[in-house]
Amino acid sequence: MSMSGIQIRGVSKIFGAGADKAIALVEQGLSKAEILEKTGCGVGLRNITLDIPAGEIFVIMGLSGSGKSTLVRHLNRLIEPSAGEIFFDNTNVLTLGRKELRAFRTNRISMVFQSFALAPHKTVLQNVIYGQISRGTARKQAEAIGMEWIAKVGLSGYEHRYPDQLSGGMKQRVGLARALAADTDVILMDEAFSALDPLIRSDMQDQLLQLQRDLAKTIVFITHDLDEALRIGSRIAILKDGELVQVGTPNDILANPANDYVARFVQGRTAVHA
Amino acid sequence: LAGLPMAAQASYCGDGNTLTFAGIGWESGDFITKVMETIFAKGYDCKTDTITGNSITLENAVATNDVQIFAEEWIGRSDIWNKAESEGKVQAIGDTFAGASEGWFVPTYVVKGDEARGIKPVAPDLKSVDQLKDPAIVSLFSDPEEPSKGRFLNCPSGWTCEGVSTAKLEGYGLGDSYTNFRPGTGTALDAAISSAYKQGQPILFYYWSPTAIMGKYALTQLEEPAYSDACWANLTDPAAKHEAACAFPSVKVAYGVNSEFAKAAPEIIEVLAKATFPLDQVNASLAYMVDNEVDAAKAAEVFLKEKADIWGAWVSPEAKDKISASLN
Amino acid sequence: MFPESLNFSIRKPINHFVDMLVTNYGSTFRAISDAILQVLLLIEGVLRGTPWWVVIIAFMVLAWLGTRRVVLTIGVGIMLLVVGMLGLWDQTMQTLALMTMATLISVVIGIPLGILAAKFRSVQRIILPVLDVMQTMPSFVYLIPALMLFGLGKVPAVLATIIYAVPPLIRLTDLGIRQVDHEVVEASTAFGGSPMRILFGTELPLAMPTIMAGLNQTIMMALSMVVVASMIGARGLGETVLNGIQTLDVGKGLEAGIGIVILAIVLDRITQGFGKPRRFK
Amino acid sequence: MFPESLNFSIRKPINHFVDMLVTNYGSTFRAISDAILQVLLLIEGVLRGTPWWVVIIAFMVLAWLGTRRVVLTIGVGIMLLVVGMLGLWDQTMQTLALMTMATLISVVIGIPLGILAAKFRSVQRIILPVLDVMQTMPSFVYLIPALMLFGLGKVPAVLATIIYAVPPLIRLTDLGIRQVDHEVVEASTAFGGSPMRILFGTELPLAMPTIMAGLNQTIMMALSMVVVASMIGARGLGETVLNGIQTLDVGKGLEAGIGIVILAIVLDRITQGFGKPRRFK
Amino acid sequence: MSMSGIQIRGVSKIFGAGADKAIALVEQGLSKAEILEKTGCGVGLRNITLDIPAGEIFVIMGLSGSGKSTLVRHLNRLIEPSAGEIFFDNTNVLTLGRKELRAFRTNRISMVFQSFALAPHKTVLQNVIYGQISRGTARKQAEAIGMEWIAKVGLSGYEHRYPDQLSGGMKQRVGLARALAADTDVILMDEAFSALDPLIRSDMQDQLLQLQRDLAKTIVFITHDLDEALRIGSRIAILKDGELVQVGTPNDILANPANDYVARFVQGRTAVHA
């Protein structure tokens, strides 16, 4: 099949020196807190196996510090796993050479960063068209695409301002426009709407849904907002302390929480169109 | 003080003063300074010291009495010295050596060749300064920065000899065919000469003797019209127009001392006044340093050990004994 | 005192090595030297050949383009006029030619090396002690062999100036790039920026204030070498200083010294102007 | 060429001024000079009086405390041993005394001035051209009057070293503080941190890498002044270099030059070690 | 009365050079976008008059870029207004001298920053106790207070880590602990819970409510989450384009939205315990 999505196979990530020792402890099943105390290493992910189908909005949820950002950063190899493999349309991402990796990043995958990560010396427009320019699009054309996305995120009039002249939510929207303007198959969105007000947020959700429907983009979306997850997610994965606790459709999860933790997470909501 | 039994021994060194020498950098100055320092330290129980520096700072230090003795002062060569002398702050004592000379030189192989090194004479007829105008000669000494002209390596900027050689260049009518190249420091001049010599290349330069360079290399001085006072007066007047030129006068090289010190230490001045190194002895010591690759201190020690007949005449008999004793 | 029994010396082998080089390879080095000299003479010829007021106007235009500040532009004009009025125009142009050449070569060498040092820990590890040597080894120690090999004058002067002046640029380029916000670089990487685009589009612009501090130091240190350059026969302001010093003529030395300072300030302000991002002009 | 009719000169008034100073105030300056000298002699006395192996061990201990790196600590020991074996121990200790004094005073002057320049635009505006003058005015121009006033030797040497070496520290302290992340400073302000606490707790630690680059340059530039110091009568390694140079003895100059480089590296690595935050050792 | 809260009187804020001209245009009633286009100046706030009573949780809501952060930054004078006055317990904050201002900041008011603004060279604990140390509390005692708050925000075990080793939500909690540990009368919270997962978030909301009840703290809380605003807010102010659109109790606002904008903001919710 032509679009096989992303397969994550047994991925673990240990932060800090002495990862080997820590990974042994992970295999012995020690808890994150114990390993932190014993080795000083932070456990980011432990043995995650997960399929992200193409053309869906895949939501990741979990406690703060449970490894959501770490997981999505593996998908475009901003982080190398301590163990495990990641496949993208059946090719192992970890074996890509420099050039292939760069082509992969320009054409296939883009990202909205939790901390925005805008270039402070570039204007809003220059930030937004970065992906297109990287790919070799002519500047004129890239700027037209950029202006379109700037308008869509509601920042018209600010295209020649610099990031330090914007509010928090405006910065986040620049990051959003940057990822969307890159026009890749896969978009990683790390709490991409967290700083937005309800009106703009629901507008953005609509746009995302439309994008997925019209262009069959694969979107990996981290959020803390259950309503949002239920509204846009085709599938939801829940992490805890670096472990995958449950993955399924929103209704699955609402109906059959895997354990108490998940139950508390979805507390007070009932399955819709079940 | 009155109570002291006849402080007839009252002397500069006896009063606990330190006798400070200028730490001259070039070889002959270094050697002479080492010899004189040992003589006063061992023979006259002086506390001695040497302060390093470049010659300007050291000459200036003699004027301020930070340094008492500058052992090889080429009188009339430095503006600083001339000014201090005219103000009475410093004075020249004795002759450090006699027969010092200066002039314009080329390596001897330029005229005679050097068979051992396979160098052919490129200007076998070159004898005197007036031949330098010859375009063939000019092109021999060609200046890479201005290839149409020859390069004359002058004295370092700021030395008195630089002004004189500049005036001579004009006086001999060489100003248009040669660049007046001032090397900036003695070191640069030395390096240029020794580099050219090692490569067997022609070079035209100002130099003086006795020096280590003069001892190491076979150099030929170019003949100049005989010295005359009138000609010299013209050459040393920077405002004048120079239409002719002549040879350098013989140079006086003396012990430069601070005037106050001279008043306070007649016993030392007396020694300095007598202490004239024979020119061939200086050359021999310089050659010894080069041949054996030793420093001036070693050469001074050897000189003091072996040539008591020379330095013995400069000092009192008791001092001579003390010095001799200290050497063993 | 340190026991003499432990002593050793490298003096003789070094001296013999230098002798050997000079005697056997002198002509090769001369040929190299002549090539560099031609470029230098060209720059100098242009600067000295151009009428003084053209040079002053050219510098004022540069200052304006770089800084867009009226006061500074006028200041540059006045300072150069002062140099001329002190009777130092010709020397200043000679020194300027030398310094322009040395600074240009320093930038061409320094920034790439600084980038390499920032990117590769191994390069940094090798380069740092070399820079220490370049900055603190007294220049005459390597100038004497250089003099013997390249001949007196401008060429060894340019070499010595570059050796002494390039280290701060390398060091601060390295530091500047290392200090760039990791997250911004990561974002560029994530969007598939090529190493070159990340370098030129993100790292260098963000490191610019630190790199420009390095260039400022390079210019300052180059101009502090003017006198040393003259000690080995390069003409210009240094020669006047040297002459002033050796004749204890403080006033003369000071005048030429002011000329050097003015050159430093003019070159520095103009380059700093060009290095500042447009947004803050 | 620049028209001669526009010329003017400050040469004579300057010379007369210097003459007047020397004639009338010579003794006052001598007294100042003597006071500074006493401190210098004390440091020198300690360094030269201590047995060599004690000095080497002391430096190794310092290196260990500063960097916690075994290789570097051993390296420092070996380098100092090499200096001794080259027969330069005594000169090295003399130079070390001078350089330690000059570096200490540079830090004491430089960091506060850098802080002031970062805090007050007006201070920066005044200080920058002064630093340009300090770095590029040929040292002999001010050394000659200094010599006449303070006499020959260590005191003017220390002064000249400080004048030449302190500017990069001031400049980079200024730059480092200006580059500190504005948000972090704002947060400290919002929690009522006093200006002093913000300075010492937030700004200086975050500016540390840049300030340490300044200190590195200050040490490098101080050690590049060793030969100039010896030209005005300060003893030590520079004296040996000078002697080597004047007799075209490249080997001798190189040996002493290596001594200077080693001192630079030792001083630099130890100070850099102490300047690095504990987290990264 | 002893606790009179905060009064904001006619405060306007213009960003950028040429504020005078822009403020004239503000008075003429031109829109934010028009002024941006005409003068290049950003309008942060326009003529805000507002009373924040002591001892309440006062919520500020509004579109992204509407001036919420700008408003709260005026309260501790991180920003000086272009026009207007601010009173705190009847003293004009704008007239405080350097020393008084510092004392005011140490003892009376603390803040959680939208962008966290942690000191990267300090550990979690050192960051958290900053306010206490500024005030002169002994380090021992400050550390005890700090550890307590670190535990309360769920970061035990991380006290000696540095900010760059933490996830986004963990950083936010450090910022939270720092503000709470300062133990001031007033706490400004600029989207202080935006990066937290629902479980920790509701826990934090509870703690905030308890704090307000037990210690009568005044809390100015910016949020985009209407549920949260309704749950903890005693009073809600809504901003739009730098202007105050409505202020009132949650029920007021739900029942009588001042205009269409507010109505869309609270869409789909009905007044509770009315």
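Each chain carries a letter (A, B, C, D and E) given by its place in the written order, and its residues are counted from 1.
Heads up, the rule we're going with is that a residue touches a chain if its C-beta (ideal position, glycine included) is under 8 Å from a C-beta of that chain, and two chains touch if they have at least 3 such contacts.
Everything numeric in this text was worked out from a predicted model, so none of it was measured.
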*Determine, using the mean of C-alpha atoms as each chain's centre, which chain is farthest from chain C.*
E
*Gap in Å, rounded to a whole number, between the CA centres of chain E and chain D*: 49
*In whole angstrom, how far does the Cα centroid of chain B sit from the Cα centroid of chain E?*
83
*Once you find the CA centre of chain C and the CA centre of chain D, what distance in Å lies between them?*
21
*Using CA atom averages as chain centres, what separation in Å is found between chain B and chain C?*
36
*Indicate the residues of chain D shared as contacts by at least two other chains.*
144, 245, 248
*Per-residue overlap in chain A, given as positions that touch at least 2 other chains*: 115
*Contacts with two or more other chains, residues of chain B listed in rising order*: 56, 60, 187, 191, 194
*For this entry, which pairs of chains touch?*
A-C, A-E, B-C, B-D, C-D, D-E
*asked:* Taking the touch rule as given, give the residues of chain C at its contact with chain A in the complex, in rising order.
replied: 181, 183-184, 186-194, 197, 201-202, 205-206, 277, 279
*asked:* Help me check something: in the complex, which residues belonging to chain C touch chain D?
replied: 1-2, 4, 6-15, 18, 52, 84-87, 89-90, 129, 132-133, 135-138, 140-141, 144-145, 164, 167-168, 171-172, 175, 179, 209-210, 213, 216-217, 220-221, 223-224, 226-227, 238, 241, 244-245, 248-258, 260-261, 263-265, 268
_Of all residues in chain E, those that touch chain A in their complex_ = 15-16, 33, 36-37, 42, 61-66, 68-70, 114-115, 157, 165-170, 172-173, 191, 194-201, 224-226, 264-265
*Give every residue of chain E touching chain D within the complex, in rising order.*
76, 78, 102-107, 110-111, 113, 115, 117-121, 130-131, 134-135, 162, 178, 182
*Interfacial residue positions of chain B with respect to chain D in the complex*: 23, 25-27, 30, 51-54, 56-58, 60-61, 64, 66-67, 186-187, 190-191, 194, 212
